[in-house]
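Some structures are shown below for you to check.
What follows is subunit A paired twice: with subunit B in the first complex and subunit C in the second.
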Partner chain A sequence: MNKSLRFIAVLLKMKLSHMMVFRISFFGGFFVDSSLFLLQLLMFNAIYSQVDSIGEWSKGQMLIFVGTFSLLNAINMTVYFFGVNGIPSKIKSGDFDHYLTKPINPLLRLTFENINLGSAPLVLFSIGIVIYGMSVQGGSASPAACLLYVIFILLMALLYYDMEVLIRTLPFFVISTDSIEQLECAMFDLCMKIPGVVFKGIFKLIFYFILPYGIMATIPAQIITESISPVGIIYAAIVVILFTVLALRFWKFGLRHYKSASS
Partner chain B sequence: MKKYWEIIKISFKGQIAWRFDVAMNILFTVTRILFAYILWGAIFGQRDTVAGFTFQTMLSYYIINSFLSQIEMSDGVSRELSRRIRGGTFSKYMVIPANVQGYFMAQSGGVTAFYLIFDLLATVIWILVFRIRFSFTTDVTMILAAAGMVLLGLVFMVQLNYFLGILAFKYQDINLFLMMKSNLVAFVTGTMIPLVLLPGTIVSAMRIFPFYYVAYLPSMLLIGKNGEEAIMGLLLLSAWILLFLAVNKIVYRCLRIRFDGVGI
Partner chain C sequence: MNDKLIIETTDLTKTYRHYEKDTGLMGSVKSLFIRRYSSKTALSNFDFAVQKGEFIGLIGPNGAGKTTLVKMLTGIISPTSGTISVLGYYPNKLENAFKKQYAVVMGQKSQLFFELTASDTFMLFKELYGIPDETHKKNLDYFVDLFDVSQFLNVQVRTLSLGERMKMELIVALLHNPKVLFLDEPTIGLDAVAQKQVRHFLKEVNERSGTTIILTSHYMEDIKSLCKRCVVVNNGEKLYDGETDALFEKYQSHKKVTVTFAHETLLALPAECTLIEQSAYKASFLIPKGLTREILRELMKQNELDDITIEEEEIGRIVERIYHNTRTVVQ
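And then the complex of A and B:
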């Protein structure tokens, strides 16, 4: 554990010195993603100027949902997105060989080798949206709800990571996964704009179990507004455990099928 | 004109090589419709009209807007320009016997013409799949005005992407601009929500800018709304095109001298 943490610290140091070369791009992720979520806030603000609720959700709940999604996205962009996203190209080009020959878990290195501190301000920006949502919602969350919210944010960030790893493990077996990544992007984009409580029938099955993007921000938002049953919380925890086990097993399975392309 | 016609034809044919990309592009038109169907389904579950829209007219709006956004393929112009300029291979466009902006205009025209056929087909399929009672105006004047506006809108978007692309002469890495532009354009062209839902002052301000007329107003015209804005829209969009024609010419002339070619 200590060795891994020291390794992550070294990766972070290297990444920071690399990022200083491209100073304009340093906060690029922050500007792009904050503009995306600001526009989403504008969208829901415009809708709520015409209606009182969407499904059963009030404006406050929706703001918390947007803030929570933004927070998950911020953790993703800051910690692991740029690392995990590079996996397919490394497999295709054969650069993945370098990761296998080093005395460190390749997934650990790939996950943390591109930590992007430029996106870190997004975390504060997102917390600001959640707090604003809480004030619009009225009433305050209990300390227990806040603690559970933080725990589930971390669990959902893990679920998000699992989904990314699962999709980016496919290049071990197929030549191109561009369309699958496009599909991931489209489904993620859809669930970013629609809270899970709105899904019904087949869509609920798809976005709550098969591609569980629908629960990522919905469950924490329901926890902090204390509008979820214990069964819902247990269900979400089980989904995270299932997908984590699946992602790690699939990754190991993929490693066994790696055919080096470079030598 | 003949050389530009040839570029259009080559670009059109070139798309046949990317059949899988075309199929995926068509498939993904459904995500915007799905978004509208689920979100607005939940909203209209408790009421009949929102801002003058019924559920069916709202879905019709999203279908038309999604179709128009999908045939607008000029994003590739800024990406291609940026890639070529950064990689030092932009010289290819400097030596061809055609105006660079005209070349990209013709190239986008060919790509759009190709996608137009398939996206139209996809639109019909989604209308049938989602069992939408499609609202479409029968007023020929409105249809013609919308068609003219769509055409001008496509030209303007190529010009905008060309402008952003040639900024790579100065800034090298323009990906940040391009991603922010994509986010903003999705909102101000009414792809996320119909702009009529926004406060009146914001909508009034948006009418000065060209994005309002690229996809939002044509969509509204085609579902039989906002007819009184058609003439003004056509005039304003034409004025923006003329302005960008001049701006792009000047910016290109000033910035191209910064280019360092590779392998020439």
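And then the complex of A and C:
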């Protein structure tokens, strides 16, 4: 564990050095992410200037939901997105060979190899939106709800990671996963705009059970507004555990099927 | 098991399955419904044993199975069948304890960070392998001195020449004192001077540290000057496994000669020679080893030669000769 943490610290140092070589991309990522974030806020403002609630969720709850999703997205973009996203190209090109020959878990190295601190300020902005949403909501959260919220943000970030790893493990078996990645992007976009409680029937089944993008921001938002039952919390925790086990097993299965590429 | 034996494979086989499709749009449409696969055996029933401290050359043409063998020995890919043991481990189990004991350098795949300096990569590898400070410093100083690359340590890797980069690749691979070093075409694309430096470096590492080295190369000079023993592979099969000198003595029967002419010339070669290619100002041909001096003297008399280059025969031709002459494995 200590060795892994030390290794991640060295990767972070190297990434920082790398980012400082390219000054424009160091600040560029932040401007792109901030713009997307602001666009989304503008969209919600436009919607709530016309309606009072979406699926029984008030403006305050929706702001908490949007802030929570942005927070998850910011954690994703800062910590692991760029590392995990590079997995398919490394598998296809054979560059993955070197990851297998080093005495460190290849997934751990890939996950933390491209930490992007340019997106880190978005974490703070997102927290700001959640706090603002709480004030619009007109209530205050108990310390227990706040603590549980933080725990579930971390768990949902893990779930988000699991979903990304599952999709990016597919190139061990198939040639192209571009369409699946596009589908992932579309589903994520949808679930970023609509809280999970709005989904009914088959959509609820899809976004709560099969591809649980629908619970990622909804559950923490429900926790901090204290509008979720203990069963809902337990259900969300079980989903995270199941998907984590599934992602790690699928990854290991993929490793055994790695064919490398001709040199 | 002999305790000096560190690599052993028996009946090692690797088969790849390829998807095949007819050309054109119709072929693509057809392949949507009817999939056709073919199998290619990259390595077949390969028996191989390596003693501690050996420097072995793996030679063979492109697609012979050399890289596949190295990839199985390092655990990158799993064998289809057969047994394999490296340092007492099954490589594809990918155990960290095993990975700490070997290193691999692939001539065409870098493990350096291009935008950073070589020193940055050395720092990462120090952490990766848990190399103690003292050992790291001692090894780094020794290798940097041996290659004389101290002036390039803090330069962005992308600005280094191919030769300088390969030296850094070798240094980073050896920092943790691996027991076995796998080298896949380490001199590919390097100029003659850099090739010589790399050879000198590898020889020193093998002799001083007793590191076992498995080298694949297309360059005869690499194999001849470094490897006492070599293994010839073709179409996934072992054609020869024995002393390098004996191999070249027996099968390298010709020299490759390239001549350029001062004027447009149509070269008339004696019957003993084999023409490889010819144009108005240049010709390449093979001369039987014992007749080189005599034939060249005659050609110089008859033609106005501008330049002469004499090279060792290409590996491909030797492999071809072994394959056609023996069709059996020589032990």
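We take it that the second predicted complex is superposed on the first by the 261 of 263 C-alpha atoms of A that agree within 3 Å, B and C clash if a C-alpha of one lies under 4 Å from a C-alpha of the other, contacts with A are read in each partner's own complex, and residues count from 1 in each chain.
Criterion: contacts are C-beta pairs under 8 Å (C-beta built on N, C-alpha and C of every residue); 3 or more make two chains touch, one makes a residue touch a chain.
These numbers were taken from a predicted model, which means no experiment stands behind them.
Novice: Please determine, from the superposition on subunit A, whether subunit B and subunit C clash or fit.
Specialist: Overlaying the two complexes on subunit A (C-alpha atoms) leaves subunit C and subunit B fitting together cleanly.
Novice: For A:A186, using the defined touch cut-off, is the partner it touches subunit B, subunit C, both, or neither? Pick first, second, both or neither.
Specialist: First partner only, subunit B.
Novice: First (subunit B), second (subunit C), both or neither: which does A:G55 touch?
Specialist: After superposition on chain A, A:G55 lies in contact with subunit B alone.
Novice: Figure out whether A:F31 sits in contact with subunit B (first) or subunit C (second), or with both, or with neither.
Specialist: The answer is first: A:F31 touches subunit B but not subunit C.
Novice: Between the C-alpha centres of subunit B and subunit C, what angle is subtended at subunit A's, in steps of 10°?
Specialist: Placing subunit A at the corner, the angle measures out to 90 degrees.
Novice: By the touch definition at the top of the document, which applies to A:F199: first (subunit B), second (subunit C), both, or neither?
Specialist: After superposing on A, A:F199 lies in contact with subunit B but is clear of subunit C.
Novice: Which partner does A:L39 reach: the first (subunit B), the second (subunit C), both, or neither?
Specialist: In the superposition, A:L39 touches subunit B alone.
Novice: Does the superposition put A:I47 against subunit B (first), subunit C (second), both, or neither?
Specialist: In the superposed model, A:I47 contacts subunit B only, not subunit C.
Novice: Just the number, please: smallest Cα separation between subunit B and subunit C in the overlaid arrangement, in Å.
Specialist: 8
Novice: Once the two structures are fitted together, what part of subunit A is touched by subunit B and by subunit C alike?
Specialist: 22
Novice: Quick check: in the complex, which residue numbers of subunit A touch subunit B?
Specialist: 22, 24-25, 28, 31-32, 35-36, 39-40, 42-43, 46-47, 49-51, 53-55, 179, 182-183, 186-187, 189-190, 193-194, 198-199, 203
Novice: Hey, which residues of subunit C end up touching subunit A in the complex?
Specialist: So the residues of subunit C touching subunit A come out as 16, 63, 67, 71, 74-78, 92, 94, 96-97, 99-100, 102-104, 106-109, 111, 113, 115-116, 120, 123-124, 127-130, 156, 184-185.
Novice: Quick check on the complex: what are the subunit B residues that touch subunit A?
Specialist: Subunit B residues touching subunit A: 20, 24, 28, 31, 34-35, 38-39, 41-43, 45-47, 50-51, 171, 173, 175-176, 179-180, 183-184, 186-187, 192-193, 197-199.
Novice: Which bits of subunit A are touching subunit C when the two form their complex?
Specialist: Interface residues on subunit A, with respect to subunit C: 3, 6-7, 10-11, 14, 17-18, 21-22, 94-95, 97-98, 100-104, 255-256, 258-260, 262-263.
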